[in-house]
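Note that the chains take the letters A, B and C in the order they are written out, and that residue 1 is the start of every chain.
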Amino acid sequence: MDPMFMGQVMVRLLPPLGLTMILSITALAIATPLGLALGARRAELPDRHPAARAIDAWVFFVRGTPILIQIFAIYFLLPKLGLQLPLFIMGVGALVLNSAGYQIEIGRSAVQSVPQGQWEAAAALGFDRRATLRQFILPQAARRMVGPVMNELSQLIKASSVLSVITLFELHKAAESISSANLRFSEVIVVEGFLYFIFIFGVSLIASVLERRLSAAGALADSGSFAR
Amino acid sequence: MTLLTVRGLGKRFGSFTALDGVDLDLSRGERLVICGPSGSGKSTLIRCINRLEEPDIGTVVVEGAPAGDLQALRRRVGMVFQQFNLFPNLTARENIAIAPRKLLGLSRAEADARAETLLDRVQLAGHADKLPSGLSGGQQQRVAIARALAMEPVLMLFDEPTSALDPETIREVLDVMVELGQGGMSMIVVTHEMGFARRAADRIGFMDQGRIVAMAPPREFFDAPPHPRLVRFLDNILGH
Amino acid sequence: MSFDWAAFFEYLPRLIRAAGVTLQVSLLSLGLACLLAPALALARLLGPAPLRAIVQAFIEVIRGLPPLVVIAFCYFALPKLGVVLSGFWCGVLALGVVGAVYAAEIIRSAIESLGKGQFEAALALGFARWRAVLEILLPQAMRRILPPLTNEFANLIKASSLLSVISVHEISQVGQSLIFETFVVIEILVQMAVLYLIIIGGVTMLSRRLERGLGA
């Protein structure tokens, strides 16, 4: 193991690492509100409703197939449908498709976990359903989602590595191309693994800290201080 | 014959001293009750005897169990817990039979037979196939006693065995314990049940702040308490 | 655009065979994980402090890496350390280790959630600590372990798709080559997706049946 070499590898991997983070964070930024919105909607719909069925089908597909298949679906299908999108957009699209599918469940259970009393208090005050959601329910649901969403970010960083298969030059693809050029696999993998690890582990640490801070503040809502 | 010798036992939890130098001797067949205010170290004392807690200083010697052989010690000493701690996924019979089968090498038939005999002894014949969730607190505790007896211990430790029970069921458990003692079992019972102590104990010990401050046979213990703290304790606990 | 049924049936046999490989790899790595996980969980629960620290570090590292990196490590780095395995067995090893790590955490937290009482009761009866965990607590914890564990198995099956990058002829690899060779896209994609949905759906159904059996 040559530290000098590994240092050079790390420097060369920083830009692709940047791409990995941009891919993951962009996908999260789109998929989380999408998941929350669809999850909240799904929570109110009866199971037979066509929109509910569509949402359930999406979730079923995303959870029942590997992300690689979902990436293939976008990569191979879209050109066939006449859409020539840049690789980056397809990558983010696949990640969003996947992450939103999981976050619908996160959003739904977060909304359903807000105590019924909150809805009733708002209604008694005269707020309609949409306003109640916007003013009171979604903010509280969002607080409960922090932990799972941070976990989702970790998952996205890991999932972004699969985009290497469609030759997107993120961290894993870059590491792969370096090591296949100089055949020093072990050293490159150690550097690559180290970079992934500090980000993924770092995200979960931030998640636990945030969760602790927010649950201290959020305890108020459960004690029913709203209702009269 | 001395069954149990405890010398200079000390145990701290952080800054709290649970045991502050305890000496104790127990003879074969002797029944000792230990009482005292909460925090006095009673539970810690008996948990140190079967090493569920590790003492910081001092020695515990059980006759027949060489020092250092933890499994041999625990096979000679049985324990009954305040919260029963039955294994929820096993029937009464299985709860009693599992340790003899897995630790003493009894066959399933032998272990089951032993379990049936013990269930009889604790007045629970016919409940062998019930899960703990289908038994009352008093019944569960009796199964727990049978489970401990199944290992044929020479010493039984009881850690507030009736504190978690409904008043109606306390009696049935105490009766089993009295009968056990009359049959010659050596036992140490941590309890607040003074009626039981008066009936069944050979000696009663009173603990306060980690030390045994008084030890006497029942008559002297209740009629002429040898320590001012004990006087106050008995006033509180008996004088409602 | 119409669905080319002729193409669909022409490539189906190859994909079904590939599904067999997917199943083989998944089951073997599940087996490896089931052997490793209790050992890791026991080490975390009962081991001396240095062992606990090492095992925890190992678990955190594996959990903090994309599975592709673990697979790449087994395939490219291990040979440099003298361990040369075929793609298939690299896959089994990599997925087995990753699965074991997640399963170990599931087992450990399920056992911890049982509380101290039963553990102490088993100790008081004379069970050694590791026997108390394996023979008394683990069976009791099964009901809490099985649902998340089946979810992990489903994840394992999904992760097997990644073995396509090391040329294991499982569903994704075969499907991808077929698409590149024949330019038949939708029909093959549909087959791949359906095969995975059947396998994973089957696993989920099996787990629900198992859960019901345990709940009895």
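We take it that a contact is a pair of C-beta atoms (placed from the backbone, for glycine too) under 8 Å apart; a residue touches a chain by one contact, two chains touch by 3 or more.
What you see is a predicted model, and the numbers here were worked out from it, not measured in a lab.
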Centre-most chain, if every chain is reduced to its averaged C-alpha atoms: C
Pair of chains with maximal C-beta contact number: A-C
Rounded Å distance, chain B centre to chain C centre (Cα mean): 46
Between chain A and chain C, centroid-to-centroid distance (C-alpha), Å: 22
For chain A paired with chain B, centre-to-centre distance based on mean C-alpha positions, whole Å: 55
Chain C - residues contacting chain B, complex: 117-118, 120-128, 131, 135-136, 139-140
Residues on chain A engaged by chain C in the complex (per definition of touch): 60-61, 63-69, 72-73, 76-77, 80, 157-162, 164-165, 172, 176, 179, 185-186, 189, 192-193, 196-197, 200-201, 204
Complex contact set, residues of chain C against chain A: 1, 60-61, 63-69, 72-73, 76-77, 80-81, 154, 157-162, 164-165, 172, 175-176, 179, 185-186, 189, 192-193, 196-197, 200-201
Chain C partner contacts - residues on chain B that touch it in the complex: 50, 52, 70-71, 74-75, 77-79, 81, 83, 85-89, 98-99, 102-103, 144, 147-148, 151
